[in-house]
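Presented sequentially are two complexes of chain A, the first with chain B as partner and the second with chain C.
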Partner chain A sequence: MTDAVVQLKDVTRVYGQGNVAVHALQEVTVEIYRGEFVCVVGPSGCGKSTMLHLIGGLDSPTSGTVTLEDQDLSTYSNNELSDLRLKRMGFVFQAFNLIPVLSASENVEFILQLQGVEPKDRKARALEVLDSVGLADAANRRPGELSGGQQQRVAVARALVGSPLLLIADEPSANLDSTTTRELCELLQTINREHRTTILIATHDSVVMSYSTRTIQLEDGKIRQADAA
Partner chain B sequence: MNNFKLVLNLSLRNLWRQRRRNSILLVAITVAIGGVIVLNSLIRGMQVQMVDSVVENLSGHIKMHAPNYRDDPSMERGFVLDPRGVERAIEGLPVLGWAARISIPAVIMSERETRGATLIGVDPDQEHISIISRFELEGESLKSASDSRILVGRALVEELRTKLGRRIVITTLDSNGMSKEIGFRIAGVYDAESESFEKSLVFSGRNALQELLGSSKVTEVSIRLKTRYAQKEDFEQVRDSFLELDVLDWQQANPIVAFMYNTVNLVIYIWLGIVLGALVFGLVNTLITAVLERIREFGLFRAVGMRPRIIIAQVVSESVCLMLLGIVFGVTGSLLIFAWLHNGIDLSAFASGVEMMGMSSQMKPALVAHDVLVVVLVSVVLAVVASFYPARRAVRMNPLDALRH
Partner chain C sequence: MLSVTVAWRNLWRNRRRTLLTAGAVGFAVLLVQLGMSFQAGSYEPMVEVSTRFSSGHMQIQRDDYSDDPRVERFVSDSTKLRGELLALPAINAVSSRTETFGLVTKDERSYGALVVGVDPLVDPSTSHLSEQVSRGTYLEDPNSAIIGSALARNLRVDVGDEIVILCSDVDGSVAFVAPTVSGVFETGNDTLDRSLVQVPRELINDALMLGDGAHRVVIMVDQPMLPDRSQGTIAPLVPPTASLLDWRELMPEISQSIRLDKISNGIVYGTLTVIVVLSIANTFVMTMFERTREFGMLRAVGMRNSSIFGMFLTETFLMWLLGVAIGYGLSTCALFPLINFGVGMDSMGMDQFAGLLFLPDRIYPAVDLKVILVAPISIGIGMVLSTMLASIRLYRLSLVDALRYQE
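Then we have the complex of A and B:
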């Protein structure tokens, strides 16, 4: 057993076949340890999102292995992967992806509902997490009534409410201004420090990178440079 | 339970989110379900009237003849009535009454015209089970089974160019197959709902007719039950008591009406299939649109770990919720229309057509609980079936593609 939360070993991901084959990742080997705040950086199309999707079990490698806490994700069934994402991971997306018909607190509570948490506990927990991201006052507002920054905070709260081992964020600041980006990064840093939640962010935003403890730089699907853990 | 509440909550809110589009579909469902129930109740009313009319117009629920009588109706093919035997046969059955009759073909002559008809000998005391006791009459009714006068239908009186109180001569065959001419005085002219009934049937006292024809036989016994339809075991009890006679239920005695009755059953289900089938296309179309609009939402659900079966349940529950609402409105609407039409629809403008079907010119709807239940259950099943294709599209989508949509 290693201390690595995530391990990628010789991971290659190819989309398409023959002349139109795109090598999104090529023989990538990397480890991410518990409590790290890691940024995967690089230009558009370098394979950042592909790497995050493979780690999140949303995609599977063409070759190589992806392990989470020493468990090879290729051995999981679709339902087991769903459970893994639900209970061990939190996701934050570039486009927030909140459910428009639910209020901010319901969007957060929804994950706990899927986890089978009792109604009384999940309401309290959702409000607690919303409070921790500074949105206790906006709990009853629908996504359409919130600013972009507030929506991304709700998305972060939703990702954190199930106390995940790993928080995966794909370009979380792409739709935010610099002030809001800083606020979001400070929030993620606090979570990382206080809860030792491992955070993995794909970004090309230098502000976000400045908050990370380590960066992995990708270029054309290969690791160009990775800081020491 | 948690997931059920989540699914229901999301479904109801999504339905509300697209309330204009869903309202249009809801109106379509309401009209379809309400329309099917109302039309079914009208068709059932027609069917019930057909059966009631046949049962009341001398057929009864169970009828007995001598063997071969129906091939060649005549006094020769009569049988000696055993009233005690009839009483024993119907013991314990929900019987309204029974009547023994003579029913034979005859030629009727007035001073001016000659017509063919059926001469029926009846005992007025037994005829509370048939339409004879409810004739609208000009003149007098038959006093007893020994009354040797005759009742003639208004249409036949007009064709014979005779009138109340006049004498007519009837030629028929006696129990030995010999031609016999008998004179009758017209005691009453009756009006029936059907003109063909008025033209084809004349009535006299049964005992008087037996005396005139020199026979103690009758040609039929008709049994009327208190229920609308005879149970199989009731019929079998009577049939097993008269093994020497042809014992027929109303369908066997009236095969054409029975065919129409059974065709109506088929028509009801074909109509149900067509209307609800058309509705399914509307439902599938709306659900596919709803799924395509929410591709990213479903992608998110998959990404955060929602099991596919919960996503399927959500799409299915949206369809079922919409259908249930439509059912509530449709059934309520149809009940209101039913209450409004309770006294019937006047079809007198099409009198000759409806008479051919043995119906009254007043068409009364009949609401059958079983029909409503079938409409409701089939609608719910179709709502589930219709939602499966859109639901499969929602879960088969790659979550990454869906999130990028």
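Then we have the complex of A and C:
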């Protein structure tokens, strides 16, 4: 039993075979601890998304092990991984995070429904969490009627509503200007501090990095330098 | 509940495509329902018209009569049998007929003809012949005859002339009757007009020494399209050496043409359904590609493949409901006036064939459960299969590929 929420041990991920094989990650060993705000940084194609996907159980390693709270993810079935993501993790991607035909609050309620929350509690919970990301006014608007920053905050709200252990974000600020990026980061920092939610972000953005408690630098699928927590 | 909302709103994301698809479903439903109801509506009148030419809905005959119709192969005590049959609730009318081949002679001219003896007061309830007398009157006199128009022309006889009919009686001896022509009929059916003579049954029975015998006891029932149902109730009354035949056996060409019609129409409807379903399948597969990223996202936030598939099925179901509603709406508008007023054969340019094909003057579409359900159910099954086909991608595509998918 360790304090690590996430552990990668000798993780290698190879896409394709033979001549076209791409070693997206090579023998990566790293631990992420509860309450950390970690940024994964590095040039394009260095394997940031691959690492996040492996940790989120969206993909599985070619070799090595990924463990979440000491549980080897390779022992989970597809449906168990779905449930794990639903109840223990929150995801925010660069774009296309929301169901376009649902309003902001319905998007949050949709996750609550999947989580099996009683119908009567859903609405209140959704509004509460939207309020906490400063979007109480936009609750009834659909994604198409929200700005990029607002959409990302709805995605954060949705990721948070199940009080996850781990929030994973892949370049969440790629489509945002620096002011909006700062607002988003401050929101994430608040969540990180108040709820001790572990946050893992892949980013190119130095603004985002400045909020982190630690950065993991990747280069050609290998870790170049990992600051101590 | 939210997943139904998502499914419903997803339908309207591409309004035009949804309307086109639902419209195609609706149109197919309309076409199949129109076609099937006209088909269903035409069979009964067709059977009704054709059986009233001569065969009736059912007949009791001696077992060996249909193989070799000889005079001595008759059903005896036919009047008593008729009374018993009429007491059955499913039976509308019964008429006994005697039948023999004879030589019809006038002066030096002779033609072979089918001579049928009928009870003039009873037979019109089973046959239209009495209404088709175009000159003179139906059998009013005990010693009268009506003859087909072509036969009358050939014999050069007209109303009021006496004809002589030669035939052989039950013992094989020559017998004859000499009735006066009271009427000439014109059915439009060549064979009948050329070779049929009707006389009162008593007249011919006396000559043939048949007593109260009859070769055919013709029966009209309430539900001619369900002959098996009536057969059960009639069977106990059939004499031991006789058998009960229904119109399918008496007029095999009619039941065959109905069968053929059903098969050929079935092929048309089947093809139509397959075409509509294939275009729907194509749409669904395209939709799957367009929404790859969305599925990646839904899977990433913890939705199971089966739930996503369920959402798809819900969309399909709603699309189907919409299409069927459109189809029912259209076919109600189309069928309602048609059911009330029918369609005349003349408006379809079919009137000159009507007599030949045993078609009635007007067809009224008939709507039954089969007409209502066949198209929606078969299209529905096709749509579910299409959804499954499109969803194969959902299960085959890896999650990371879905997330990285570029449209």
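Heads up, the rule we're going with is that the second predicted complex is superposed on the first by the 228 of 229 C-alpha atoms of A that agree within 3 Å, B and C clash if a C-alpha of one lies under 4 Å from a C-alpha of the other, contacts with A are read in each partner's own complex, and residues count from 1 in each chain.
Quick note on the criterion: a contact is a pair of C-beta atoms (placed from the backbone, for glycine too) under 8 Å apart; a residue touches a chain by one contact, two chains touch by 3 or more.
Just so it is clear, the model here is predicted, and its values are computed rather than measured.
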Partners on chain A (chain B, chain C) - clash or fit: clash
First (chain B), second (chain C), both or neither touched by A:L58: both
Contacts of A:D83 with chain B and chain C, given as first, second, both or neither: both
Touching partner for A:N97 - first (chain B), second (chain C), both, neither: both
Contacts of A:L114 with chain B and chain C, given as first, second, both or neither: both
Residues of chain A that lie at the interface with chain B and also at the interface with chain C: 53, 56, 58-59, 78-79, 82-87, 89, 91, 93, 97, 99-102, 110-111, 113-114, 119, 158
Chain A residues within the chain C interface of the complex: 49, 53, 56, 58-59, 78-79, 82-87, 89-91, 93, 96-97, 99-102, 106, 109-111, 113-115, 119, 158-159
Interface residues, chain A side, partner chain B - complex: 53, 56, 58-59, 78-79, 82-87, 89, 91, 93, 95, 97, 99-102, 110-111, 113-114, 116-117, 119, 158
Residues of chain B touching chain A in the complex: 2-3, 5-6, 10, 13-14, 16-17, 296-297, 299-300, 302-308, 310, 399-400, 403
Chain A-touching residues of chain C, taken from the complex the two chains share: 1-3, 5-6, 9-10, 12-13, 293-294, 297-305, 307, 398-400, 403-404
